[in-house]
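Consider the two complexes below, in which chain A is the common component and chain B and chain C are the respective partners.
And now, the complex of A and B:
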């Protein structure tokens, strides 16, 4: 193994990327773990906001619809980097003010929680639109049939609307997930030690920029490839019962 | 003003006490367009009421108002002696009451409307398990009997999209039967089918009529209506133009419009 690396001229890189100090591999993986925690938390929060948002936009009253229109428009209009700065600093500031007002001291906000909160709000706006489109794509007759048999609204949502809209929603949601994994990199700007910040620190300490950023790129790529496999399966499951669109079937 | 023939009042004069379904003076408007202009109907237990009429006569709307898929503008609807409480604008006062009554009305749609992400068996057990809270094993046993009955037991694990229209409609009838409805509502059940598939669906409906199920049937199949119906209603522009037993209505139509209608549909 060592000999192969030696002949390829990668011995130094391997040393730099070793999992235990003085190698920086462990730091990179910890950064990746943080990124994934935030991405999955934000994606989950985005789905929840998106579901309520989509239902609100489709079935809500005038006030709810207007508020949601403002939410999705503003969030989707402002660059994510700016939003992250605004939401992060405004959010922590408000929380601290509230905490001081109630007689507690300054609170230390966990980076992961702050990251999930900030990216979750961004994801929610996009998810609202993805899910709204998916719900509207469900044939009206399927929902009507459920109503005709006396299905209460929540059961209808759980048993008919959500499963039926899944096949329309999954491609858009897969996009959102991939965007979430990469948006975590933007949190580096507020000093949160996710993969990109860890990489930058390792690179600047060792001057081996190429090695570390290539390694980080590879890690992001692995995440994307694995996500592709997972979402492929989810989509196949969501499309069960629908004939293939390929010519000649199957 | 449509002319009402003597036969038109016959249904209303029957005793309403134990009627399976009673509709009184039902009106429905879409915006300024009044689609139903006061339609009344009484179906006793075991009655098969066929509702016929031209396109735009309001027959489908009438059927859909009975289970509130369309909100009537005014009128009274009484299912199994229970009157549906309506606000002055026709919207239901109590959603739970509507839901409860809907579970007693088995509806079969023109476009089948099976849930495409569920197999036939899953379609049939869906409402019994998740709305009526019947134990899953019991629901499955009953569903298999019903699928057997409509000749689809071997397709229980197939998804609807892989079946013919006739098979889908038969499955939809099994789904409606699964709630053991007190009244079945058929909304043009054969209109979306290829001609050679109509027969298999009508055969199933015929057996239901023969065993004394109460049914309201909106249909274009005049021969079939004549054969299975106990009572026929002819709607014209949102009003009952003529009604009566099938032999009289088809054999000796009184109104000029019905005569013309029967001629055009053959």
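And now, the complex of A and C:
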């Protein structure tokens, strides 16, 4: 193994990427773990906001609909980086004010929680649109039939709307998940130690820029490709029982 | 389009009044005294943002056409590299790509003597060529994937009709295939351009002074946090609005 690396001229890179302290591999993996934590938290929070947002946009009153339209339009027109800064400052300010008012001192917010809060609100706007489109694609008769049988709204959502819209929503949600993983990199600019920031620190202290940036790129790419496989499976599962697009419709 | 009567509903009037009150409150109680001092710099930054956006979308789109074509109909030795390029660009964060090019290439070039003595060297020492290169490649990667679908979706019968009339291959591409492919992607092109606009602040991290960098400078010079960010968000929203309007005009002119 060492001989192969030596002949390829990669021995130095392998040393730099080793998992134990003289190498920086451990730091990169820790960064990746942080990135994944933030991404999955933000994705989950986005889904929750998106579900409420989609229901509000479809069935809400006029005021709710207008407010949601403003939310989704503004979030989608302003760069994520600017939103991250605004939400980060607003979030810490509000939290500190609340804790001072209740008699506690200033609170320190962990990077992961702040990242989830910030990216979750951004994801929520996109998720609202994806889920709204998916719910609209469900044939109206199915929902009306359930209503006609007197199904309560929550049961209707759990047993009819969500299973029926899943197959329409999964491709859009897969896209959102990829956006979430890539957006975690932006948190590097605010100073959270996720993968991109760890990479930059490793690169600038060893001067081996190519080695570390390419390694981090490979890690992101692995996550993307694996997610593609997983979401492919999920889509197949969500489509179970439906005629496949290739064979059906004749 | 928005109609006057749609705006004149009672709840919308109340919302607009609330919004006007909010704007008034912002104008009165927030600090705006830094604006005159930083206005020239901000205008320069705004110009640079627009310049980077236009240059990278145009170059990126020109690159996306061969990428899409190679993936749609190219032989394997062209389609596999094109597909790999698109996957890699779309699968890694843009910030990482920008830093790889700027810090990676930027630290490699000074070690090569003939680059140092070439006429390109004064440009390669600055940050903006790397910013333009990174954003162009990124746009090409995303757009190449879209163009693949667009080229594949053009009606085969039209291409066959063109070749039946004896139209040469290049003319057929220029007059039948490409215009229809572009027409098919026009609605997504507007959205992609707004995404590209939202990617431009990332180049501030490699010392390109565009509008985002100006606002961070105001923030660090004066310790005013919210006002510059608010103004920044508004300027991005106005540019995004202009892009939307421009694409709506273009779409209207294109025959269906």
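We take it that the second predicted complex is superposed on the first by the 246 of 250 C-alpha atoms of A that agree within 3 Å, B and C clash if a C-alpha of one lies under 4 Å from a C-alpha of the other, contacts with A are read in each partner's own complex, and residues count from 1 in each chain.
Here is the rule we use: a contact is a pair of C-beta atoms (placed from the backbone, for glycine too) under 8 Å apart; a residue touches a chain by one contact, two chains touch by 3 or more.
Predicted model only: the values in this text are computed from it and were never measured.
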Task: Superpose on chain A as described above, then tell me if chain B and chain C fit or clash.
output: fit
Message: I'd like to know which partner A:241 touches here: chain B for first, chain C for second, both or neither.
response: first
- prompt: What is the contact status of A:34 with respect to chain B (first) and chain C (second): first, second, both, or neither?
  reply: neither
Message: Quick check for you: in the superposed arrangement, does A:161 touch first (chain B), second (chain C), both or neither?
response: neither
Message: I'd like to know which partner A:151 touches here: chain B for first, chain C for second, both or neither.
response: first
Query: Thinking of the overlay built on chain A, is A:62 touched by chain B (first), by chain C (second), by both, or by neither?
result: second
- prompt: Looking at chain A, does chain B or chain C touch a larger number of its residues?
  reply: C
Task: Could you tell me how near the closest CA atoms of chain B and chain C get once both structures are overlaid on the shared chain, in Å?
output: 20
Query: Where on chain A do the contacts with chain B and the contacts with chain C coincide?
result: none
- prompt: If you look only at chain B, which of its residues touch chain A in the complex?
  reply: 67, 69, 95-96, 98-103, 105-107, 109, 111-119, 126-127, 130-131, 159-162, 175, 179
Task: Write out the stretch or stretches of chain A touching chain C in their complex.
output: 62-63, 66-67, 74, 76-83, 85-86, 89, 178, 182-186, 188-189, 196, 199-200, 203-204, 207, 209-210, 213-214, 216-217, 220-221, 224-225
Query: In the complex formed with chain A, which residues of chain C make contact?
result: 9, 11-12, 15, 87-88, 90-97, 99-100, 103-104, 107-108, 194, 197-202, 205, 212, 225-226, 229-230, 232-233, 236-237, 240-241
Message: Which stretch or stretches of chain A touch chain B in the complex?
response: 139, 141-142, 144-152, 155, 159-160, 163-164, 166-167, 238, 240-243
